[in-house]
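A, B, C and D are the chain letters, set down in written order, and residue numbers restart from 1 in every chain.
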Amino acid sequence: MPSFVHEFRVSWVDTDALGVVHFSNYFRYFEKAEQEFFEHSGSTQGNVMERYGVACPRVEAHCFYESPLRFGDTAATQLWLEQVNDKSVKIRFEITNRTAGRRAAHGTMTLVCVDSSAWKAVSIPEPVRAILRELD
Amino acid sequence: MPSFVHEFRVSWVDTDALGVVHFSNYFRYFEKAEQEFFEHSGSTQGNVMERYGVACPRVEAHCFYESPLRFGDTAATQLWLEQVNDKSVKIRFEITNRTAGRRAAHGTMTLVCVDSSAWKAVSIPEPVRAILRELD
Amino acid sequence: MPSFVHEFRVSWVDTDALGVVHFSNYFRYFEKAEQEFFEHSGSTQGNVMERYGVACPRVEAHCFYESPLRFGDTAATQLWLEQVNDKSVKIRFEITNRTAGRRAAHGTMTLVCVDSSAWKAVSIPEPVRAILRELD
Amino acid sequence: MPSFVHEFRVSWVDTDALGVVHFSNYFRYFEKAEQEFFEHSGSTQGNVMERYGVACPRVEAHCFYESPLRFGDTAATQLWLEQVNDKSVKIRFEITNRTAGRRAAHGTMTLVCVDSSAWKAVSIPEPVRAILRELD
């Protein structure tokens, strides 16, 4: 599977006084798709974090906004593995506004794997790496 | 149909530093279930608002918290029509944590129908009332 | 001091597509005023929680909405101690829209003191009680 | 004035289950500093938008995370004008965690000036440009 798609409907609370989704929420959509990808892979990020004692804070987040999303729009976030290193992974995202029939945004997020108590970068556990490879 | 159920999975961003869903987000879950109820009824709140020139601000929101929701938990929001008046409607909500097998919260929200330009209370349009009756 | 006042300016992200502050954010304003009250009292909720191993989840939150808040409005949240019991405390809030010169909302929140590891209700530590009495 | 600084205290709702500020909230801190800069300049973004019929959606947002922010931390967002074009402006941000004494994040946001009804890019109104030059 070269990519994963997560469909959702834009919530009212995501909009702002211009009548469009607030730009910060696109990053939340990116993250939500990530969560659903892990669920889809039969694992969950929560379990992964507990079992291996790791967490995955972002070290970089980048988004290009192409067209607005509005309340009630049906949208889909697609994600790909852009690059995987020993301790970090870069994921590429695209959000398509299916109601409007055009791309809404694209971007990347780089996550680093850290020991959740010491908050030090560590190697991505092999089972997590295996899940990520489904996106490659 | 006496009630409507909306299933969802708790997002990471909904949690706070205690490891549980922030109390304010339960109100967002209530509202999300409302949106999905309208979608399910073949209408959308966005269309209703546009077509009739009305909006539905809340005049009261109330929630009792019974047990925490955590990241990744599967939950379900159920809603019932508690009372419908000429210009307002009171909806009752319950959120069940399906992962933990217990109720997480319950509450009510009272919405008043207003003319979206004058922001004055007006009668609930009959087609909206018809949709709401599906919850009765 | 019979009450505490926290002034703030409405952020863009707090608004929704109706051009007003989303109703769920009023609860966040309530909580923010609580935090600033503790700061003002020379303590911090974070320190209190760490030192005494307690947390203060809400068991009830209630808000009545009276008039909208809009982007850039200056507002003030005032809080009073409504009732303090052995293990719980009820705080009353009012938000005034200073830009519009009228009350925006009022409500209450009931917090229960829990042991943060066992998540069981415990007596409010005396030093926390002393801080709360400043609101009485 | 070559830059503008906005001080704030991290709110509880901004944290996530790792005990740190959720990465998406840094973009909200960036935007908040922008709002406070306009207020400081004797104008307000709301008035600017109304008077000139323009809005300023973001076309790009980018953040590098350097160290975590935690509940109650005092922080400061500093902003500079990175580049101003006819229809767009790029602003550079840095957030310093004053409690921890280190930089928390830095990034940029590019805003484009659009006609708020037609949603088409237009020249930045001269009075807005004058305000922005205070950051240069």
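Here is the rule we go by: contacts are C-beta pairs under 8 Å (C-beta built on N, C-alpha and C of every residue); 3 or more make two chains touch, one makes a residue touch a chain.
Bear in mind the structure is a predicted one, so any value in this text is a computation, not a measurement.
Looking at subunit B and subunit C, the chains in contact with each of them are A, D.
Comparing chain pairs A-D and B-D, the larger number of C-beta contacts belongs to A-D.
Measuring from the averaged C-alpha position of subunit A to that of subunit B gives a distance of 26 Å. Separating the CA-averaged centres of subunit B and subunit D is a span of 32 Å. Subunit A and subunit D have Cα centroids lying 23 Å from one another. Residue positions 12-13, 18, 20, 24, 28, 31, 70-71 of subunit D are each in touch with at least two other chains.
Across the complex, subunit A meets subunit D through its residues 18, 20, 23-25, 27-28, 31, 55, 57-65, 68, 116, 119. Within the complex, the subunit C residues that touch subunit D are 9, 11-13, 28, 31-32, 35-36, 39, 44-47, 70-72. Within the complex, the subunit C residues that touch subunit A are 12-13, 15-20, 22, 24, 70-71.
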